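Structures follow.
First chain A sits with chain B, and in the next complex the same chain sits with chain C.
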Partner chain A sequence: MAEGFDIDHLAKLARLSLTAEEKALYSSQLNQILGHFQALADADLPATIDDARVVNEAALRSDEPGPVLGAEAVTRIAPASRDGQISVPRVVDDES
Partner chain B sequence: MSTPLSDWEVVIGLEVHVQLHTRAKVFASSPWGFGKEPNEQVDPVVLGLPGTLPVVNREAVEKSILFGLVVGASVPEHCSWDRKNYFYPDNPKNYQLTQKDFPVVVGGQVEIELPGASRNVMGEHKFIRIHHAHLEEDVGKLSHAGSGSLVDYNRAGVPLLEIVTEPDLRSSAEAEAFLRSLVAMLTQAGVADCDMEKGQLRCDCNVSVRRRGVEKLGTRTETKNLNSISSVRDTVIYETARQIRELEAGRSITQETRGWNAELARGYVLRDKEDAHDYRYFPDPDIPTLKISRETVTRLSKLVPENLYDRQRRYVEKLGLPYTAAALLVNDRALAEWFELAVAAHPTNPSGIANLVANDLLRDLAASSGSAGAFDESASTPVSLASCPIKPAQLAGLVKLTDDGVISKQQAKEVFAEMFKSGQDAAAIVDAKGLRQNSDTGELEKIVQEVIADPAVAKSIAEYRAGNEKAINALKGPIMKRTQGKANPVLIDQLLRKFLG
Partner chain C sequence: MADALHTLSAAELGRRLAAGTLTSRALCEALIARYQAVNDKVGAFTHLDQADVLAQADASDARRKAGQGRGPLEGIPVAIKDNIAVKGQPLTCSSKMLASLVSPYDSHVAERLRAAGAILYGRLNMDEFAMGSSTENSAIRKTFNPWDLARIPGGSSGGSAAALAAGLVPLSLGSDTGGSIRQPASHCGVVGLKPTYGLISRFGLVAFASSLDQIGPMARSIEDCELLLNALASADARDMTCFSPSDRALTPAGDAKKLRIGIPKGFLGKGVAPEVAAAVNAAVEFYRAQGCAISEVELPSADLAVPTYYVVATAEASSNLGRYDGVRYGHRSASAGTPVEMMTASRSEGFGPEVKRRILLGTFVLSAGYADAYYVRALRARAKIRAEYLAALAGVDVLLTPTVTTPAFKVGEKASDPLQLYLEDIFTIPANLAGLPAISVPCGKSGHLPVGFHLVGAPLSEAKLLAAGRLFEAAHGFAHQQAAL
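Now for the complex of A and B:
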């Protein structure tokens, strides 16, 4: 089957530096794994929701505010903190 | 410059993140609110500490369903939550709980109104389709200081409804109109407050351009985290111009994620597709799939307020209001309902009531609350009518006194000012100030006859009798003067015609 992925891109996302031999090996193994999933995807199954995992609205929480930990407790469990905030190495990627 | 070059068409889709109006967070009982000290609104569930389990807040689910009903979406039988995995310190769990495959709202549409040719002319209406909306948790806030970053998790876990449109918007003006309409619908249904200054509504904006007549969509860029309607408008204008410039120069558009610097009014690249995250979505094992009962949907459907533009059409077509007054009133549900109570008390002159509400009442309310700009039509914050000293029936009473000719329109303004000050009924003020126009025919007949007998007006009388209708007005001044302005103008006119006829 044709490869549904780009091994260089995957290696980059995984922060892996691969040799040509490794790329060939992992590409072949990934293809096998994807082949298994393709077999599952091809199986003729009804698109139903697993009833065993369904709850009704009684399982929801009421909108009642409860206790909080407090900034002191929150920052105490962090490796580093400053001014009531958790201190981390500088990150710039603007996620969210 | 919303369309820089007419042979290009811009295609816009929005993802609008709205913090829902709840007291507790979406999967935890921690309270939330704006302006608290950092990390004071955090509990073990928010942090994802070992042994904790998320439980979905009913109110957040119901507010989401209510939004779906407001936009005419279908409410699915089931919805479920998934983990979106990523490593960034704004999220303490290393994943965000969101809905990927079975969101709580599917479909729907939002009616928008574009600006008209002038202020008092209604613009074009259009429907923007909603693809879906999903209920997820907001993330914490990072601030970057020197060599490190500081994390505040107060915002983490706040219920966030992400509303995703179809790529139906075709200009910055349409994007702006959509957001205004959406904000009105969300606030009028009590789903969300949408206070943009508090970050309660944030927007991701997808923009692409294509040659007019071409069906295939161009490569799009996504500008993230826009926190005001003007930023969305400016981003669309900027991104449209940039993409057209690139394409006309023979370059191609890179599919990329961008940021927007509102101060510099320019966009910048955050990351390109090559760096796209692989979020490894999978169903959250801690939160079971939720079955949404039809009873709940029926109950919530009763909370759906009248659609903004249905109300506007009703005011113009059924009540005969001018467009400007109707548009102003419907923008604020509380104000519109106040107006309708007044109309119920005096149904024969809705325009007269609307005029007093839209001009005098709003002006005085704004002045007394010290928020002069609150009624700028661009403002989304509703007026506070709670502290209004005048009740709807009292305003109706004032309009009725004017309509019955008891006081003049000019006097009505004076009475209104007094009502706003004292909260008294119009009739009481009219009596106390002796403003009641004189409708005592006997006394007025005498004055009219005296005035007619005055040689000073003989010329006007002759002119009137010769067929000059307007000449009769010259006699009204002296009569008004003698009665100190209290005479009923309608009655004066009748009496003059009777005696001169």
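Now for the complex of A and C:
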């Protein structure tokens, strides 16, 4: 089942930067874990899936405004903020 | 009397508070003294704001004096796992990623505890983002088993269990995604309940695997566990999986001596240590002697539970933890270049090894070309496991197994072998996959180390689980046990 496992591609998808040692370690461990998952490939399984919710009901709330944290509380926990807004590295180049 | 307050149950403390022979301030001062004496040895707490605790205690005493007491938890401290939001307190998930985060809001359970008059008492250590079975994955500190400080307390709610066993607090909250309340409860000799999926709101619980996560009560006795459960369980529209008021009535407990108890075939042979098997078999014989009907039941897909869980849980974790990008809150790398470089560096610096491992695994099982072979097959296996459990529970009231295969292992013993750690949860995982309530009840010792048995029931059968636990507890000496420190 683990055919095609590519640690560089996975790290890129997961937005993780791994050292060479980490790549070797995680590759080895993930291959071992995926080997244990072989039981899933071999099992006779039903065609249906299940989200294990005990009571299945449409639990959508009405679309009404409710209490919110507010800009002050939100920017207080942000890594960087300016003028009541969260600041991030430049997203769009000047020439774009 | 003050030096013995840490040994008393929440129910007894509540009676003394109600009788006016004890104040919440005196209780909290005694527990703070206990914290100062033993927390460095055990490492259960990561944070305790003593001034805030005493201010809450004074407010509680004032309410009681004014005749405005809020019920049986008024003035009683409840310690909280560090992945459950309490306004103004740290919310680190024992991760570098959230090391400096102070919660700007209360979780639903924190609101419920405040409404009940409880003292929100400190933050408890855990495996980072609740990923682990030993609390060794905390980025903040190690927690040790109070019964043997060279051993792990279990996890991921290791701080919650160790705090109880060390007499640091009478009640605690944990969270349970694959056994994270029940496994440490077993290892530390306390009671831990994972409720039916949907009984307690997860609003304010930091998400790990949303189709599995539940908050639950932990205590040194069944009575205390029930007291805390009753305070926590209520409807909440902010968690769409939380039962509405009309759907949440618990099945009546009935007569515990007439319970039909199912023993899953082969479970006591699955690498279970002989002393654990002996303690659990003795519990089975106790119930038989009380008049309970004991029968063997078949759960043929039980061996699929661990692989199914680790596919579903890591898939959901890889999605849930995508929110930690260094933008809105949490760690942001100082080496920021482009936004993508900033996100990648922030995540790489902020997450520890087990969290990275699970994100990579979850990313793989959801990735193009592999999702059908892993994630979709795991969902189908989950359906099969759930159907088998519900079929078994149609013929019996509860299923009884060990909680864990062995007593607590030594710190570092399994640290380099993640698969062995994953197999710690072999008996507890199915209840999460099937959304069923389950409890670990102390039932003996292996040498000096506690052992628990595990009961699983049908949806909303918490009262039956508690009644079964109470029957056992009343005839044995394991309630209120604490380690000598």
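Just so we're on the same page, the second predicted complex is superposed on the first by the 50 of 96 C-alpha atoms of A that agree within 3 Å, B and C clash if a C-alpha of one lies under 4 Å from a C-alpha of the other, contacts with A are read in each partner's own complex, and residues count from 1 in each chain.
What we mean here is this: a residue touches a chain if its C-beta (ideal position, glycine included) is under 8 Å from a C-beta of that chain, and two chains touch if they have at least 3 such contacts.
Quick caveat: nothing in here was measured; it's all calculated off a predicted structure.
In the superposed model, A:His36 makes contact with chain C only, not with chain B.
In the superposition on chain A, A:Ala11 contacts chain C only, with no contact to chain B. Contact comparison for chain A: of chain B and chain C, C touches the greater number of residues.
Once the two complexes are overlaid on the shared chain, A:Val74 sits against chain B and chain C alike. Residue contacts after overlaying the shared chain place A:Pro65 against chain B, while chain C stays out of touching range. In the superposed model, A:Tyr26 makes contact with chain C only, not with chain B.
In the overlay built on the shared chain, the residue A:Gln85 is in contact with chain B alone; chain C does not reach it. When the two complexes are overlaid on their common chain A, residue A:Leu45 makes contact with chain C while staying clear of chain B. In the superposition on chain A, the residues of chain A contacting both chain B and chain C are 13, 49-50, 53-55, 57, 59-61, 69, 74, 86, 88-91. Within the complex formed with chain B, the chain A residues making contact are 9, 12-13, 49-50, 53-57, 59-71, 74-75, 82-96.
Those residues of chain B whose C-beta lies close enough to touch chain A in the complex are 22-24, 28-31, 37-44, 47, 55-61, 78, 80, 86, 88-90, 102, 139, 142-144, 146-153, 224-225, 259, 270-271, 274, 277-278, 288-293, 296. Contact residues on chain C toward chain A in their complex (touch as defined above): 101-102, 104-105, 196-198, 211, 237, 240-241, 243-244, 247, 301, 303-304, 306-308, 310-311, 318, 322, 325-332, 336-345, 347-348, 351, 356-357, 359-361, 363-364, 367, 369-370, 373-374, 376-384, 386-387, 418-419, 422, 433-435, 459-460. Per the touch definition, chain A reaches chain C in the complex via residues 1, 4-5, 7, 10-11, 13-18, 22, 26, 29-30, 32-34, 36-37, 39-41, 43, 45-55, 57, 59-61, 69, 73-74, 76-80, 86, 88-91.
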